[in-house]
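Notes follow the structure.
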Amino acid sequence: MDSMTLIAIASIATAGVTIAVGSIAPALGEGRAVATALSSLAQQPDASKTITRTLFVGLAMIESIAIYCLVIAMILIFANPFWNHAIIPATGG
Amino acid sequence: MDSMTLIAIASIATAGVTIAVGSIAPALGEGRAVATALSSLAQQPDASKTITRTLFVGLAMIESIAIYCLVIAMILIFANPFWNHAIIPATGG
Amino acid sequence: MDSMTLIAIASIATAGVTIAVGSIAPALGEGRAVATALSSLAQQPDASKTITRTLFVGLAMIESIAIYCLVIAMILIFANPFWNHAIIPATGG
Amino acid sequence: MDSMTLIAIASIATAGVTIAVGSIAPALGEGRAVATALSSLAQQPDASKTITRTLFVGLAMIESIAIYCLVIAMILIFANPFWNHAIIPATGG
Amino acid sequence: MDSMTLIAIASIATAGVTIAVGSIAPALGEGRAVATALSSLAQQPDASKTITRTLFVGLAMIESIAIYCLVIAMILIFANPFWNHAIIPATGG
Amino acid sequence: MDSMTLIAIASIATAGVTIAVGSIAPALGEGRAVATALSSLAQQPDASKTITRTLFVGLAMIESIAIYCLVIAMILIFANPFWNHAIIPATGG
Amino acid sequence: MDSMTLIAIASIATAGVTIAVGSIAPALGEGRAVATALSSLAQQPDASKTITRTLFVGLAMIESIAIYCLVIAMILIFANPFWNHAIIPATGG
Amino acid sequence: MDSMTLIAIASIATAGVTIAVGSIAPALGEGRAVATALSSLAQQPDASKTITRTLFVGLAMIESIAIYCLVIAMILIFANPFWNHAIIPATGG
Amino acid sequence: MDSMTLIAIASIATAGVTIAVGSIAPALGEGRAVATALSSLAQQPDASKTITRTLFVGLAMIESIAIYCLVIAMILIFANPFWNHAIIPATGG
Amino acid sequence: MDSMTLIAIASIATAGVTIAVGSIAPALGEGRAVATALSSLAQQPDASKTITRTLFVGLAMIESIAIYCLVIAMILIFANPFWNHAIIPATGG
Amino acid sequence: MDSMTLIAIASIATAGVTIAVGSIAPALGEGRAVATALSSLAQQPDASKTITRTLFVGLAMIESIAIYCLVIAMILIFANPFWNHAIIPATGG
Amino acid sequence: MDSMTLIAIASIATAGVTIAVGSIAPALGEGRAVATALSSLAQQPDASKTITRTLFVGLAMIESIAIYCLVIAMILIFANPFWNHAIIPATGG
Amino acid sequence: MDSMTLIAIASIATAGVTIAVGSIAPALGEGRAVATALSSLAQQPDASKTITRTLFVGLAMIESIAIYCLVIAMILIFANPFWNHAIIPATGG
Amino acid sequence: MDSMTLIAIASIATAGVTIAVGSIAPALGEGRAVATALSSLAQQPDASKTITRTLFVGLAMIESIAIYCLVIAMILIFANPFWNHAIIPATGG
């Protein structure tokens, strides 16, 4: 069980857990925001323009948090500095 | 228990956990959004067009979070860079 | 305890956990959507057509998340690339 | 503790956990759907036909998720490819 | 600690956990359905026939999920293919 | 720590856990059903006959789930096939 | 650490856990039933006879579930077949 | 670490856990029953006699569940058959 | 790590956990009862005598459950039969 | 790792956990009681005397449960009979 | 890993956990009490004197529970009798 | 793995956990208090002075609990008596 | 398993967990804020300017907490002082 | 696995956990405060000045708790006294 294997396993597991756990709250938050938007539209159809615009700004900000997690997961899989450091002696050493 | 086996196990387990955990919140969020859309339709049938459109935009954004998890799970099974790196010495070495 | 056994165990356990955990949220979400549809129908029987159509679109999207989990579970049991890679040396080697 | 035993144990435990955990959400979801159907019937007896039909479609979709879990559990007990692969060398080898 | 013992332990533990965990949700779901049926009857005594019929159909579907768990538990105790395979060499071998 | 001891321990622990966990949901479900029956009786005393009858049918179905768990627990203690198989060589062998 | 000790420990621990966990739900369920009975009595004093009778039937059924757990705990302490089997060789053997 | 010590430890820990866990639900259930009784008294002071009587019957039944746990805990400390069996060889043997 | 030390540790830990866990529910239950009593007093000041008396009976019964836990904890610290049995050979043996 | 150290560690950890866990419920219960008292005062300022008196009695009973935990924690730190027994041979032996 | 180190670690960890866990409930309870006080003030500004006084008495009692935890934590860090006993032989021995 | 390292690790981990866990409840409690203050202000703008003053007193008391945790964390990092005792022999010994 | 590998694994795992856990609360908080903003807009369209401005200030403050977690995660991956210290002897040593 | 590595790992893990866990409650609390502010603004637009000012004071106090956690995390990464003490002998020794 050499270093490379361990780093690879940690990276795989962490990447999966990060995006899995990190998707819980944004999805719930967006679901809540969309749900309230829909009931607000039903209550006040005349304000649909303001409601829709505010909804999209809010969704964008919440989605950005999910993107943070996706970015970290992607970095851990494809641009992992620890992995890059570890494979240098193993391949070129 | 060589490196390849360990990486394979970690990839299998992580892929399954990622899609399983990652599906909890989107499904709940979509269920909530659909439920509110239905009660909004019952409350204000005249606004069905705006409601339906907003619902579909919202579902798309929530579904995208589930897609992130599916993508990570698929990458871990079929395009895993750590696995690809590990099987080179085992097969071609 | 050779590699094949370990990969087999991990695949079995992950497949079961994936579909089991992955079925929680879609079932709850669909239950919620159906429940709201029913109370909406009772409240506004005239909009039954719009409500039923929106319900079916929503159920389809939520069901798709359960399908993702089923697909991953099936892949892990019947088309597992790690298992296929592992049994080559064991059988044909 | 040979390979066959381990795979057998993993299959037994996973099959049980899969159907046990996988039955939680569908049962709760169906209970919710049936409960709302009953209170909707009490509220609007005239729409009983539409309500009943929508309820049955919804129950069928939720039940299908429980069936997925049952199918995976049954596959793990009676048509397990890993077990079939493992008993070949043990019996015919 | 031979194979048979381990498989026996796993079967015993899994059978108990399966029926125990698998009984949680159906019992809660049925309790909810019965409770709503009772309050619906109190609210609309004239619809008692439709309510009772819908309740029984719903209870049957929820009970079926508990039956799935009971069936798996019974199979694991009395018709366990892994156990049957394991005792052949031990008794007839 | 021979086989018989392990099987005995597993049977004892599983039997207790099965009936303990398996009693949670039926008791809660029955409590809910009884509670709703009482408030329904207070709300509509004239429908007491229909309410009582529906309550007893519901309690019977929920109780049946607790009985499943009791049956499995009793089987594990007094009619355990694995234990019977294990004590044959120990006593008569 | 001989067999008898292990079986004794398992029996002690299981008996305690069984009655402890098994008392949670019946106590909560009875508390709920009693609470609803009291508020129903305050709401409809004239139906006190029907309410009291239904309450006692309900309490009896819920109490029966707690009795199941007590019976299993008592069997494990005072009529444990595994313990009886284990002490035969130790004392009379 | 001889048998007696292990049995003593298991008895101590189980007795404490039994009464501690077993006191959760009865206390909550009684708190709920008392609370409802008080608000029922405030709502319908004329029915105080029926309410008080029903409350005391209910409290007695819930308290009985806590007594079950206390009895098991006391048996494990002062009349433990496994302990009695274990100290015979140690003292008189 | 002799027997006495282990029994002492088990007794210390169990005593603390018993009173700590055992104080959760009585405190919550009493808090609830007191809170309802206060709001009942505010709602119906004329029934203050009946309310106060019922409250004190209820508090006494809930407090008795906390006393059970305190008694068990005190027995484990100051009148522990297992400890008394263990220190006899160590001191007088 | 001698006996004294182990007993000391167990005493320290148990004392801290006891007061920490044991403070959760009393604080929540008192918070609830105080909160209800305040809203009752706002609702019925004329009954402030009865409300305040009942509140103080209730707070005293709930506080007594926190005192139990503090007493046990203090006994474990400053009057621990197991510790006293253990340091006799170590110092005076 | 000598005795002193272990006692030091246990003291550090316990002190931190005690104050951390012990601060949860008082803070929540005080938050609740303050919140209710504020809404009571908004509802009945004339009773602000009684409300404020009752609030401060309540906060003092809840704060006292947090102080208990702080005292135990401080005793464990700065006046720990077990630590004092342990460092005597190490320094002066 | 000498004493100093272990004490350092325990101090680091405890300090972090203390402030992290200890910040949960005060933040929630303050959030609740502020939220109620805002809705009280909207409901009764004339009492803004009393409300604001009571809010600040309440926030101060809740914040004090967070400060307790911060103080313990800081003591563990910068004025840890166990650490100070441990580094004396290591540096000056 | 040398130092560098361990530090790398700890950094990877901590970075993922930090951003994953740290994204839960901000996403939920923002979802709540956006949802309330939408229903406030529907209730009082005339105050849309004040509501939108307050919403954006609030979102910014909540987002800042998510940014803290992202910063810590990024520091652990790309500017980790412990990693930098560890690779000096490994590369340049 | 020398001291430095262990301290580094503990510092990394603790820093991440501290800011991750410590961000949960402030974000939720701020979300709640902002949400209430928005609904208060919609309810009473005339009091927007008082509401906004109180909101900002409250947000500042809640944010301060998140800052405590950030400060501890930063101290653990960049100004860790235990780390500084540990690297002295390693580099200059």
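Each chain carries a letter (A, B, C, D, E, F, G, H, I, J, K, L, M and N) given by its place in the written order, and its residues are counted from 1.
Operating definition for what follows: a contact is a pair of C-beta atoms (placed from the backbone, for glycine too) under 8 Å apart; a residue touches a chain by one contact, two chains touch by 3 or more.
The chain list, named the UniProt way, goes like this: A, B, C, D, E, F, G, H, I, J, K, L, M, N = ATP synthase subunit c.
The structure presented is a predicted model; accordingly, all values stated were derived computationally and were not measured.
Of all chains in the assembly, none touches subunit G and also subunit M. Overlaying subunit I onto subunit M using CA atoms gives a rotation of 130 degrees, to the nearest 5.
Inter-chain spacing, taken between the CA centroids of subunit J and subunit N, is 30 Å. Here the spacing of subunit A and subunit N, counted between their Cα centres, is 21 Å.
In this assembly, the C-alpha centroid of subunit B lies 38 Å from the C-alpha centroid of subunit F. One simple way to say how far apart two chains are is to compare their mean CA positions; for subunit C and subunit H this gives 44 Å. Within subunit K, contacts with two or more other chains are made by residues 1, 11, 13, 15, 17, 19-21, 24-26, 28, 30-33, 35-37, 39, 41, 43, 55, 59, 66, 73.
Interchain contacts close the chains into one ring where each touches exactly two others, per the touch definition above.
Read round the ring from subunit J, going to subunit K first, the chain order is J, K, L, N, M, A, B, C, D, E, F, G, H, I. Here subunit A touches subunit B in the complex through residues 1-2, 4-5, 8-9, 11-13, 15-17, 19-21, 23-28, 30-39, 41-43, 45, 48, 52, 55, 59, 63, 66, 70, 73, 77-78, 83, 87, going by the rule given at the top. Interface residues of subunit A facing subunit M in the complex, by the touch rule stated above, are 1, 3, 6-7, 10-11, 13-15, 17-22, 24-26, 28-33, 35-37, 39-41, 43-44, 46-47, 50-51, 54-55, 58-59, 61-62, 64-66, 68-69, 72-73, 75-76, 80-82, 85-86.
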